[in-house]
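Below you'll find a set of structures to go through.
Below, subunit A partners subunit B and then partners subunit C, in two separate complexes.
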Partner chain A sequence: MLQKDFIAKIKQEFGLDPAHIKAVAEKKLAVTVDSGEALSFLIYLKNIDFIQLSLITAVDWIDENRFELVYTLVSWEKNLTVSVSTFIPRDNPVIVSVRHIWPTAKYYEWDINEFFGIIFSGHPEMGNPLFLEGWSEKPPMRKDFDPQAYSYERFPSRKYDYKVENKGRVIE
Partner chain B sequence: MWEKVKDITRGHSLWMLYYCTGCGAIELPPTMTSRFDMERFGIGPMATPRQADILLVTGYLSTKTLRRVIYTYEQMQSPKWLVGFGSCTLNGGIYHDSYATINQLDQYLPVDLYLAGCMPRPEVIIKGFKQLMEMIKTGEADGWKQYQDNREWYRENQKKALGDLLYTTR
Partner chain C sequence: MKEVKLFHGPNHPGMHGNFSVHLTVDGDTVVSARPNPGMLHRGFEKLMERRSWIQNIALIPRICVPEPDINEAVYSMGVEALAGMEIPERAKYIRVIVLEIARIMIHLMSIGGIGGPTGLYTAPNWGIADRDLFLDIFEKLTGHRVYHMYIVPGGVRQDIPADLLKEIEEKLDDLEKRLVEYRELIFDHPILHKRLKGMAPLPKELALDWGITGIGIRSNGFDYDVRKYDPYLVYDKLSFDVPVCDESDAYSRLLLKFREIPQSMRIIRQAIADMPAGKVRIKLPGNALKWKVPKGAVYSRLESSRGEYGYYMVSNGGLTPYRVHVRGASYPQSLYGVEAGLPGTRLEDVAVWLDTMGVCAPEFDR
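Up next is the complex of A and B:
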């Protein structure tokens, strides 16, 4: 299916504003939807042959005080890739799980929950450890987490005795 | 007297267990196979920790793998030697500021020899092993004895990095 036809199809069937649809490449689309209508849009895409969920990932936009969730979907029949991104507030990061629509989402959502602290409601593993063992700090992929300070405090570093003979300086 | 004779014979036949935690494992196939052929020095790969003499830790160690390395090391029978491979085991390397990886292996396990570099080439591995064989023959490489003597200190450091998870199954 051509990209142009697909954009027209979404507009006609789902009623999405074309300003929210961006053509990234010849067979790739980026769609931004509100967090409220994200689930219904994802279900709509599942019903029109987007049977493969390739990835869910999150971005921490700390300056705008919000998280971006990106769902990458692939349709083999239409030969198209669509990435659906939605924004949720950073203070109360809750979104509905898509685990019942694509079973693969189980580990993506669990992973995001562990590394960003985003809660996917309807997912049974929220709060259980997946990769990190014995983690008690804030989620490590958040931008306000300082990995260097954590590493230096928890894991001792090797001390070297060295003498600086020529100190480097910035030439302007 | 007998220990000295034993040390000389031990140094000639080394079975190596390679714990491929990081990217350094890619340098081991050329070391083992025909180009560099480490068997001509009497070093062979071994599949199980209980029959191995050397534990080669190749690359960075996250806290999760450190726990398994400690188990592996403690399963090995003495005398045993531990070789840290690459700058990640030495001082953290490029992962010195990572929240998940340790910075210094000899805080947790007694390291007999470090091979510096990111990554060390097969020549360095062979040179390092020849040096380790010399150290074994002279009785200089006695990390396993130090681990027995200073067990409390090592255990304290292990607990500090791993928390209460040490010796649990999950």
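Up next is the complex of A and C:
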């Protein structure tokens, strides 16, 4: 399916403002939707043959005080890739889980929950460790987490008491 | 009956990489499985946010140990898409040659890897030995054997010498002659037939639910290959077939890998023959270490040996990437697939399941 036909289709069927749709490349589209209608848009896409969920990712826009969630979907039949972006506030990062639509989303969402602290409502594993067992700091992929400060605090530089013998001597 | 909890991996001959699966078994049958990643977590995504666009070149091959070139290529393609750069034609051909040699290498390694769970130790001896011959080519081309750091934003680091192209062709001819022996020694071997045929089936519905790409979906009759569907570099100018089979079991998935090797050879030979002369790298604007990539976001992807490998990259116009998310090709089958597909398997087939599904720990536990 051609990109412009597809843009016309979602405009007509879902009633999305075309200003929110951007053609990134020949077979790639980027769509921005409100967090309220994100779920219904994703369900709509699943019903028109976007069977493959490639990736769910989060971006921490700390200056704008919000998180961006990006769902990358692929349709093999239409041969198109769509990135659906939605924004949620940083103070109350809650969004509905899509794991009932794409079962594989379970681990992408769990991953994001662990690294960003975003809560996916309807997901049974929120707060449980997946990659970071025994992690008690703030979620590490947030922009206000400083890994260098953390490692200096956690692993302070130690002084070793040792003597270097034959210092400066060239061993032949 | 009483259920027992077992830890499969990280120290297990049938487990590749530092990854473990917690199994609950009833007798010999797996009742539930839970993937337990995190032993290999190195924080690459966070590290990349603190390094400049060019410094990351040294970091990204480490994300996937057996298949580093894929990472270099997908990262470079993403950066080029963000910066709106068009690389020289010759560089595209060289990238194709490098990526396809890498594909042959990883397929040889995974054919060798089947020796662990099945006990057919001829396979690793043959697979790893032939992979080593291609590592020699990489050593001559890039100076490194495993992590090459050869594909960079703007092209490739250096031109490929003419005598090395000849040597690549000779090595391909040599391997092609011996593929018959691979078939006789490994794929026609009674052990492999007994241990793999009909084992670890992957029905079509499950494969679609998990979002598997690559071998997993091609063994179910779909010809989905990013090289054909969304051609990158010069794959649209080269002719090759995508091997497909109808029924997915451990044997057919392993055989598909083997059937992809001649196709990769075909691609390399065409690329060597068609390669134009010219520059291999365009100069980056200004000081490369202080290069500011324009604002934007991109999902760049390509076909690795295990499926679609993608990077979601965001730039805010700064010196470093604002956000990089690595989507390892085996993410769906290694995490959700293990949980949803492993129950019902017999304990002795768990290693076969994990091996032939292409579970690769470093790329999802990045």
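Methods note: the second predicted complex is superposed on the first by the 155 of 172 C-alpha atoms of A that agree within 3 Å, B and C clash if a C-alpha of one lies under 4 Å from a C-alpha of the other, contacts with A are read in each partner's own complex, and residues count from 1 in each chain.
Just so it is clear, a contact is a pair of C-beta atoms (placed from the backbone, for glycine too) under 8 Å apart; a residue touches a chain by one contact, two chains touch by 3 or more.
Because the structure is predicted, anything quoted here is derived from the model rather than measured.
With both structures placed on the common chain, the touch criterion links A:169 to neither subunit B nor subunit C.
Contacts of A:140 after superposition on the shared chain: both subunit B and subunit C are touched.
Applying the stated contact rule after C-alpha superposition, one finds that A:154 touches subunit B and leaves subunit C untouched. In the superposed pair of complexes, A:132 makes contact with subunit B and with subunit C alike.
When the two complexes are overlaid on their common chain A, residue A:24 makes contact with subunit C while staying clear of subunit B.
When the two structures are aligned on the shared chain, A:4 is found in touch with neither subunit B nor subunit C. Number of subunit A residues touched is higher for C, counting subunit B against subunit C.
In the superposition on chain A, A:103 makes contact with subunit C only, not with subunit B.
Across the two superposed structures, the residue set of subunit A contacted by subunit B and also by subunit C is 131-133, 140, 147-148. By the touch criterion stated above, subunit A contacts subunit B in their complex at residues 131-134, 137, 140, 145, 147-148, 150-152, 154-158. By the touch rule above, subunit C contacts subunit A in their complex via residues 37-38, 41, 43, 45-47, 50, 81, 208-211, 213, 222, 224, 229-230, 297-299, 301, 308, 310, 312, 314, 322-323, 325, 327, 331-332, 335-336, 339-340, 365.
Of all residues in subunit A, only 24-25, 27-28, 30, 51-55, 57, 59-60, 70, 72, 74, 76, 79, 81, 83, 102-104, 106-108, 129-133, 140-141, 147-148 touch subunit C in the complex they form. Across the complex, subunit A is touched by residues 63-64, 67, 90-92, 96-104, 107, 157, 160-165, 170 of subunit B.
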